[in-house]
Amino acid sequence: MRPEVGPEEWASWGVSPSSVAASGGRLPPIALTTNCPSCGVGLVPEALRERCYVCDCGHHFRMHADAWIALLADAGSWQERWADIRPHDLLEWKVPRAYQETLDQARAEGLNEAVRVGTATLAGLAVWLAVFDFRFVGGSLSIVAGERLTRSLEQAAATRTPYLLLAASGGARMQEGILALMQMAKINGAVGRLHQMGVPYFAVLTDPTYGGVPASLALLADVNIAEPGAAIGFTGPRVIKQSTHADLPPGFQSAEFQLRCGQVDLVVPRTELRARLAHLIQLYTRPGRGRG
Amino acid sequence: MPKRPRDTLSVWQVVELARHPERPYALDYIRRMAPDFVELHGDRVSHDDPALVAGPGSWRGLTVMFFGQQKGRNLAERVARNWAMMHPEGYRKAMRLARQAAKFGFPIVSLVDTPGAFPGAGAEERGIALAIGQAIMGWFEIPVPVVAAVIGEGGSGGALGMAVADRVLMLENSIYSVASPEAAASIVWRDSARKVEAAAQLQVTSRDLQAMGVVEEVVPEPEGGAHRDHEAAACALEAALWRHLEPLLRLPASELLQHRYERFRYIDSLVQAAPDFGPKVEPRGAAGNPAER
Amino acid sequence: MRPEVGPEEWASWGVSPSSVAASGGRLPPIALTTNCPSCGVGLVPEALRERCYVCDCGHHFRMHADAWIALLADAGSWQERWADIRPHDLLEWKVPRAYQETLDQARAEGLNEAVRVGTATLAGLAVWLAVFDFRFVGGSLSIVAGERLTRSLEQAAATRTPYLLLAASGGARMQEGILALMQMAKINGAVGRLHQMGVPYFAVLTDPTYGGVPASLALLADVNIAEPGAAIGFTGPRVIKQSTHADLPPGFQSAEFQLRCGQVDLVVPRTELRARLAHLIQLYTRPGRGRG
Amino acid sequence: MPKRPRDTLSVWQVVELARHPERPYALDYIRRMAPDFVELHGDRVSHDDPALVAGPGSWRGLTVMFFGQQKGRNLAERVARNWAMMHPEGYRKAMRLARQAAKFGFPIVSLVDTPGAFPGAGAEERGIALAIGQAIMGWFEIPVPVVAAVIGEGGSGGALGMAVADRVLMLENSIYSVASPEAAASIVWRDSARKVEAAAQLQVTSRDLQAMGVVEEVVPEPEGGAHRDHEAAACALEAALWRHLEPLLRLPASELLQHRYERFRYIDSLVQAAPDFGPKVEPRGAAGNPAER
């Protein structure tokens, strides 16, 4: 790791460096291009893997759900929940490609829907963890995704466990029609109850997070964190250009843009993320605090 | 799995009726229901959104807070109303006045008619995603009855942001969908010209949504469509809205909010009932261990 | 009167035209220029008086507190309260002019501070009415003004009487120093309680309303109404130009500008104001409404 | 009427100390009090305001929500921080995080140091007046202890918007006034050059305000002023803040809010006590007749 903020500083926060370091060990491999799209340097997968897939130039490569769980959950602490909920082709969607086929292939590739949820500890602190998987139909919000998110939000509220979201999504899942859209309401009802119960909620928005996900739970956390350079917005730039014929400034919808626009609290490099989250969870769950 | 009933119109014909330029718009209904409707303005931050009309009016002896996504009848109006595509300020105005309705105990009627939230740079700069998300979450905390009706186009999150209600109705020839047929086509086919097939697969008609358990009632339109007889369409909608609102007026706030939560919590029960869906919700606390502090 | 919205429409609102017409009769005379500053037409004071001091061109002349009370309160319904609270020269302000002198002269002119409050009926509907008087040190917010506003807000909350504010102010009163500033907090505490009690609050902002008044209670009403063309803002255009060297667009800080900027709900011509207010009060106090 | 005690410094010398370019700024205090302070950003509408730093940190075993109007030490910083002159988004950020503090029961510390809210077109377009008004009203509804301290300049409504607290302290050489001396001079004399006389008449020093009953305590500064020894100034402020915050932690929320209300309701009691002021508040209901419905 190449932390801009190192162990000595974590310690000053009251965060034990060893507990931060004790992540799920090495991250699983990620499919990588041969060169960095930002700086063009030739990539050495093993070296990059040691740096949480962050290039020396600062480019953050997209990680899939397994890598995020390995990074965020302490080794052996991840207990996945409701993994056996299965998507269903209600609309019997046929063209251009049958939805059932899409689902079967993703399953064959070992993917289990666009959102996976479970309990874990992060630096020894109990959390509910929800992770989007962009590999599964572009991390699109589906009924299964919505159900897993809602059940986990309800559980976090019931057990007063801090909730941690890792977002990456292209939007709602077309092939599930109106019921995919309705997940936004189902989820946000549960987010509201999480807040009413006074449970801390932290969201990490990664590249890309668009459409129904930032328009439902992803920006409603107590602390919204974005990864450097992540593209975050409601409507994608291509559609905006098409419909308004406007030129979009460089950096439009980037994490840094959303920071300027007041939508996110922090832009945190992946190499610091565990320490930052550990610190925030400690701050927001400190016992013997003043009365609410 | 229930099929769509055989409609006499093709799905695309319904889409065209839902978008018919002579179709009654929100204010055509609101002004008939409440001739003394007062349009209030402003998000109290930095803008007013003409795409959403909002304000109190007298209806059946009650003061009701009305909301309506408003299209324009001619080009000038369409430009002024931005084709009923809301900016963030519209959802903020809605939440401000929904909370005001709660303060005074006014029931709420929301008429939905939008292609979607505005896909523009300004909307993004002012936080359209969060504004919609806050609205969707906010509606669950408004302790007065809320009845919504889709009167034309119910386009995506831009529509849902004004349709988190205790009852959601649809006019017979209106549509409600996860994305406009054009958008869905360009996402799935990368070709918006496939909108007709997209609309069919998306199942966007009022009957489709009723079959899926997403709306409580389909309100019949005059022969040939609402544009043929605004007065008759308004009478039918007014009666249906009251039929659904009236019983809600008797519910205590806590029950109202609990019902609203459950309405959306289990709105996909058709799918959850499917044998291959998987286990139902478990008793709470089952996953409690990590949390015991 | 030359109402854009006439009696037949008031009736359709359920507002009795006769009750609207039954205002405090003829307004008191106002010092006027010989010509309209907007359209230049020669002014006929008597004719203008019949039209609530609104020129045919739409220019709204400034009215003082007596005129506002005569316009808004039903004849004979105005009961002024706390008129005997007197300003006090705590800072012993001497130059360029002694504050005591300023106060004595204003009193000699028959003025009683920058805010007057009392109970009244408007079209037969009970209200608490607070009216700024721009003639008294520019309608500046003072301790007496703050005390009268706060007492009336507390009374309106205690008796659940709709509160109606008529604002016109240049800001806080310099000669009362920090205690003038503190009135903003004193007042807004009471405004918060008025809202918590579910009492309707309507504000009418007239030309000019600047500084501590829009930054305290004047924009916190349930319905903010502005008079056409009224200048409304926090910092005056002169100071903005001085400090930022910016050119301000025409209409900057006008009522119409504030409508576009989302700060006010309605821009209402003075000739319609009584009818509009009567209608709003009826809407917001209707018995047998749904539960809050 | 109590007079200002004879200060060893002229009023204008105090003004200059309050504005001293080497004076400790908000972050100099916050980082000493809470080395793990996390600055959070954004109004969740459309902007972040760098003139106000805000976020949680650990102080004396508690998580506290800190706010500070932040000046810049050099030109680049001053430009970036806009000379600590807040825009509407700053007050909106403050209210968002004050409500978050209430959600979690974090006490609040607010450090005031601004010439005033920003006098610019953008601030007006985004509703600076209402943003300040909503903040002033909003603070009365935050059910956690709030302690504020003026550490430099307390300029007008822009300062008050961050100083509606249960206790308000002032550093010895700070000022707090209805308008900056320059602004007051240009209002009263139409000539900002008369700022020195204006400052004297306005009575802006910590001792003046303590004599008027506006602040609970004046915190002594190191010999010659806080800029001579940041560490010592921070120690003194930290101790004073804790001395005032600690007892508030034991109050039930309802009492806390009632006390906050009364603190400002009767903050001018010095004047109200004057024989010529007039009658005190009457028993409520005295004016009730018109309201009996």
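Observations
Going in written order, the chains are labelled A, B, C and D, and every chain counts its residues from 1.
The rule is short, and it goes like this: contacts are C-beta pairs under 8 Å (C-beta built on N, C-alpha and C of every residue); 3 or more make two chains touch, one makes a residue touch a chain.
Since the structure is predicted, the reported quantities are computational estimates derived from the model, not experimental observations.
Under the contact definition, subunit B and subunit C share the contacting chains D.
Look at the CA centroids: the one farthest from the centroid of subunit C belongs to A. More C-beta pairs touch across one of A-D and A-B than the other; that pair is A-B. Here the spacing of subunit A and subunit D, counted between their Cα centres, is 39 Å.
If each chain is reduced to the centroid of its CA atoms, subunit B and subunit D end up 44 Å from each other. If you average the Cα atoms of subunit A and of subunit C, the two centres end up 51 Å apart. Each chain gets a centre from the mean of its Cα atoms; for subunit A and subunit B, those two points are 29 Å apart. Each of the following residues of subunit A touches two or more other chains: 219, 261-263. Taken residue by residue, subunit B touches two or more other chains at 44-46, 125-127, 130, 134, whereas all remaining positions touch fewer. Annotation, chain-chain contacts: A-B, A-D, B-C, B-D, C-D (touch as defined at the top).
The part of subunit C that touches subunit B in the complex is made up of residues 12-14, 195, 198, 200, 219, 222-224, 259-266, 279-280, 283-284, 286, 288-292.
Across the complex, subunit B is touched by residues 44-46, 88, 92, 125-127, 130, 134 of subunit D. Residues 1, 117, 119-121, 123-130, 132-134, 136-137, 140-141, 156-157, 160-161, 164, 176-179, 183-184, 186-189, 197-198, 201-204, 208-209, 212, 214, 260-261, 264-265, 267-268, 270-272, 274, 276-279, 281, 284-293 of subunit D touch subunit C in their complex. The touching residues of subunit C, when paired with subunit D in their complex, are 79, 81-82, 84-86, 88, 90-96, 119-121, 126-128, 143, 146-147, 150-151, 154-156, 158-161, 171-186, 188-193, 211-212, 214-220, 232-235, 239-240, 243-244, 246, 248, 252-253, 261-263, 285, 287.
Against subunit A, in their complex, subunit D makes its touches with residues 35-36, 38, 40-48, 56-58, 61-63, 89, 93, 100, 102-107, 143-145, 249, 252-253.
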